[in-house]
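Below are two complexes that have chain A in common, paired first with chain B and then with chain C.
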Partner chain A sequence: MKREAKIGYLFFLPTLFIFTVLIVYPLIDVVWLSFRNVNWFTMKNEFIGIRNFVKILSDPIFWNATKKTFVWTIFSLIGQLIIATVAALLLNTEFGSKRIFRSIFLFPWVLPTVVTALAWRCMYHEFWGHISYVLYYLGITANRINLLSLTSTSLSATIVVNIWRGFPLMMVIILAALQGIPKEIKEAAKIDGASSFKILIYIVLPMLRQIIGMLVLFRTIWIFYFFDIVWLLTRGGPSSSSETLPLLIFLKCFGSYEFGYAAALAIVMLFILTVIVIFCQILLGDEE
Partner chain B sequence: MKNNNNTKIAIAIGLIFMSVILVFPIYNIILISFTPYEQIFSDIPRLFLPKLTFRWYKEVFVTTPIIRNIINSFIVATGVVIVNIIVATLGGYSLSRFKYTGKRFFSTMIIFTYLFPPILLVLSLFMIINSLGLTNTYAGIICVHITGTLPFSIWLLRGFFNSIPKELDESALIDGASRLTILLKVIVPIALPGIAAIAAFSFIMSWNEYLFSSVLMATPTMKTLPVKIAEFIVETSEIRWGTVMAAATIALIPATVFFQFIQKAFIEGLTTGAVKG
Partner chain C sequence: MRKLYLLMILVITIMFLFLMGNVQAKEGITTISFWTPLTTQADKEIHSKLIKEFEEKHPDIKVVPEYVSHQDWFLRWMTAIESEQMPELALLDPPKAVWLYEKGVSLPVEDLVHEIDPHKTEFAYSKTDILSFQTPDGHIWAIPYVFNVNAIWYRKDLLAKAGISPDSIKTWDDLYSAAEKISSPPDLYGIGMALVRDGAQQMLFAWTQSNNGDFFNPETGAYQFDEPETRKKVKEALEFLKKLYDNEILPPGISSWQWGDYRLAMAKDKLVFTSSWGGDIGVARDQNPLMLDNLSVMAHPSGPSADSYPPYHYAGCWNWVIIKNDDKDKIDAAKEWLRFFFKPDNVALATTSRPVYNLPVLKSALTSPVFLQDPTTKMFLKEIQYLYEEVLPTGRQIGMEAGPTTMAGLLSSALFPGDAVQNYLFGDWDIDKTLDWLDSKFKEFFNDIGYPYEKGPFAKE
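Moving on, here comes the complex of A and B:
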């Protein structure tokens, strides 16, 4: 029996090695860096205690990024959740169970983020984009404008893309949960005279509550630190109007090479994420 | 009965409407990649191809080193697939079949890494890979991509292995086979659909990955395809739209095609993983 345990460890060893070298060690390294003034460019490297953190808390750029990140996360999440639920309900019908629809509905999620960003830059383009044309044609905007290039709309425009790209993952799980609901329950309600809509509101959605709770937790984390789409669509601009925390970290790191400061920002971001997770777990725990 | 018919029509309209919104931006890319220069920049956006041209595909292959980028992406993704399969099979089997202290901790660790922000690691990984002299090497970027694909792969395979009866292992053990032989000769052949799923999954993830590749593969000859396309978009003042669209069309083919094969296994893995995780 003891020999068996040894073999078990042995089989897990490669995984453990990779995680230790490429996740645990870098994480410790980030913590260490966050207490230092490290500049890749000037080769400066000195211990400065908590000065990075003090600087962050008094930095308006950090507070701007935090605000943007929360807006980005909350609206992306709500949007994805609504679209995913609607899409799952549509796919869970007789017509929607055709294979083609499932493939199409999963399509945005398989694309390289670079291609997604490019596609939407075309859609938003002020001279020949479809969206700018439709907005102008319907009289919503006075001129052809690119929503990505205005400070007032750049973040919303990226959120739209994020909803488009991110909902399929949620949809798949909600769909699986829907298919797990016993048919008898719905039929019993139907016999009692409930309409399809009422069955949806009073029976189906409440049964999905637990799975939706878990999804919300996972997706919140993923959306919170998602970097690619915002970076490739707007680079955080114009004038920081769509600069979320991951972008700020990246810019501090590879824009001005302030590795120590970027590391401290990363630690602060991890702290915020942890608080959100604990908060979500308390909320979910209460529901059970 | 009439009410029922109306619901059906509403559902059909909803499905088709959503499908159009999901496909259109990509359809538009492919459309532009085949559109002649003068007609790309029309005030009224096009819905259909005005005239077919292959000019942009010729241009992207002749005037840019894109072949090199495609090969790079291919080498990296293939490396990721191979390492990922080996490590995840061993890890998943360990978590599924063996009893040892710390197993619970390992399982938690996998979920933790699954949720871990890459942006947090990018700066220190950059320094580590750099100090090891592995920037702009296939080995360096393959290692980094693995951290992204491994957690889900192990979780999916663990689920697959759990669904295979333990008696198979036990009877083979009695016959004197070693654990490694059992894994390779008995378990892997049965779990082949799961292994195919993680192979395709890790290929797609690696092929699409941008953040780490942009930092760790910076020299022109080592750039992967997404990094090259991003460079086309953001770093040139005058974007050569036709050429970019041709490159983007090439980039989206492998992932889309692969995904069709693994869709079912992938969805199963995703849902069991998420429900139990």
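Moving on, here comes the complex of A and C:
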């Protein structure tokens, strides 16, 4: 082997080692666990074949969590994308206080999740929350209501928080993409008589399609497996109305210590995500 | 040259790591450590004070505390057991204490209990304290030093204004009438409690017990929720909570209320009663000290099927456990520490980290000058004595009615009881569906963990 190649492998080895230890081994372990009944509390550890998977498919709690996860993901994504695009378009124009707006828009991303969750819990609170007060004052609700406490609104209320928290990252990426569009193209369109709106629809957005496509793909995966914000806001309640798949996995793992079942749930979730990724890739591939 | 420097740095690093990992205790000094999930600053300060005093009296023993959060607790212990690197002691709540017993890593401590209380006058020997850790063979597996109990905290001023005597509230109907009379939503609600997913589970147990319902047989530990009498008591408890919610006695957002929410609401003049562990006092002290003059406590009123007043109360305690160790010196040092800790003044000091929420298990600690020097404790001394005399003897710990079982640990982290309460109170489940679902979940649970729920782990052959 050439000396350069040997050195190359030598540099690659630490990465391979870390990858194996942190990614490959845990993945193999989870797959192994999913075929076993493992409960650390009772020290049970026995092979049970596909029984965990059969139990999952016949468990209404799993299907409820899956449905909630899709709702959570789709609406969070749409909300974040719309607000991020509007914010990026705004920041891409020239105006005096642009820097202030940029800082304000980035603020949600900078805050730690725990602080975000606590602040929003307080804002939603029926006694001292601004949101409950405003909704009552405007006549939208008959009384001051905590939207996190109703089965009909707990998930939506959590999605609002997630949109607020997550849009800055998308905004930054879309803004970078916008700034990469050559000015000459837009100027040429203007000279040809195109309005700003038509420039946006027929030139800018189509040029952003690839970036937005990749962004949607990555954000879908990230939002799908978000756990922290839902747990901190509602614990998946009331009555499992905001219980998503990651929460269910957490509860099975660290609530009842059913490691085998939780591992099987994780594998199923991975399968679902893989299908989504393949679907998105096909769509993006068609675009190309 | 550069390679030589890199090599030297590598060697020094390895040597440093080796030395750090192999720090030996100074000769003649026995080092013992305890793990605890009591991670508040107040607890840490009290531990430091006690350790300092102990080490001055025992220069040959060094005590090292390690603070492990509730979330990390079981994982840390599982790792410690697997790697045989356990501490010598643990200071913990009952589910965790029972878990250690079930893992076979704790030592029996009845000899120490006898040393601390030779005349059986200090501990209550009730199902809240010593008896909950006693197995049929007579061994005791943990020594409690504080207890907590869920009782009804109330606003003295509001009751007086409404002309209601607290002594007249002995049944659930009395409580309902008083709450309904005084409350004026949305400014003031009748009762507050933690009904968030994990809190709802506690309320199910607390209100079932105040109806004198036991989920597990107090003699054998057998599951008895599926017996008609117990099922009736649980049904009444759930229906009472639903009545409170549907009639706006409970605040509308209570499905998301954690423990801090009702305590704060009480401090901020939003509630008349709370079903509480006494943490209202600490929050009122911080947020609205003037409210402290208006707070007092009563036993849970009895439910319709309770045949006594006061009824059973949902209780817990914090305990010391000695961990098995091959080193006899460490076991002796651990026992020496506990002999020191269980002096009444030291137990009294340990409870002051959360005055009124923590109540000393030792009778002498109640009259200790250390206990009485805390201003909040002094202010609520009458309430503390009331809880000790009237309520502690009726205390019950779920899953430990007959003795220490895995139930205590697993039930404390399982969410299905709370889910049943939430689905019934805030969802669209009817009572029969709720009870049937709860029963099926319990049995699934027992089968998963191999709990002998039909006969009970303490059934005599």
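Heads up, the rule we're going with is that the second predicted complex is superposed on the first by the 284 of 288 C-alpha atoms of A that agree within 3 Å, B and C clash if a C-alpha of one lies under 4 Å from a C-alpha of the other, contacts with A are read in each partner's own complex, and residues count from 1 in each chain.
The rule is short, and it goes like this: a contact is a pair of C-beta atoms (placed from the backbone, for glycine too) under 8 Å apart; a residue touches a chain by one contact, two chains touch by 3 or more.
Quick caveat, the model's predicted, so the values are computed rather than measured.
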item: First (chain B), second (chain C), both or neither touched by A:283; value: neither
item: Touching partner for A:240 - first (chain B), second (chain C), both, neither; value: second
item: Chain C versus chain B, contacts on chain A by residue; value: B
item: Partner chain in contact with A:185 - chain B first, chain C second, else both or neither; value: neither
item: Chain B versus chain C as contact partner of A:16, first or second or both or neither; value: first
item: Touched partner set for A:145, first chain B, second chain C, both or neither; value: second
item: Contacts of A:57 with chain B and chain C, given as first, second, both or neither; value: neither
item: Touched partner set for A:254, first chain B, second chain C, both or neither; value: both
item: Contacts of A:44 with chain B and chain C, given as first, second, both or neither; value: second
item: Contacts of A:221 with chain B and chain C, given as first, second, both or neither; value: first
item: Contacts on chain A seen with chain B and repeated with chain C across the two complexes; value: 40, 121, 127-128, 235, 254
item: Residue ranges of chain B in contact with chain A within the complex; value: 7-8, 11-12, 14-15, 18-19, 21-26, 28-29, 32, 40-45, 86-88, 90-91, 93-95, 97-101, 103, 106, 109-110, 113, 115-128, 143-144, 146-147, 150, 154, 179, 204, 207-208, 210-211, 215, 225-226, 229-230, 233-234, 241, 244-245, 248, 251-252, 255-256, 259-260, 263, 267, 270-271, 274-275
item: Residues of chain A touching chain C in the complex; value: 39-44, 121, 125-128, 143-146, 148-151, 154, 234-241, 251, 254-258
item: Touching residues on chain A, where the partner in the complex is chain B; value: 4-5, 7-16, 18-19, 22-23, 25-27, 29-30, 33, 40, 86-87, 90-91, 93-96, 101-108, 110-123, 127-130, 133, 164, 169, 172-173, 176, 196, 211, 214-215, 218, 221-222, 224-225, 227-228, 232, 235, 246, 249-250, 253-254, 259, 262-263, 266, 269-270, 273
item: Chain C residues within the chain A interface of the complex; value: 71, 74, 78, 99, 103, 185-186, 196-198, 251-257, 261, 265, 268, 270, 406, 409-410, 413-415, 418-419, 422-423, 426-427, 445, 448-450
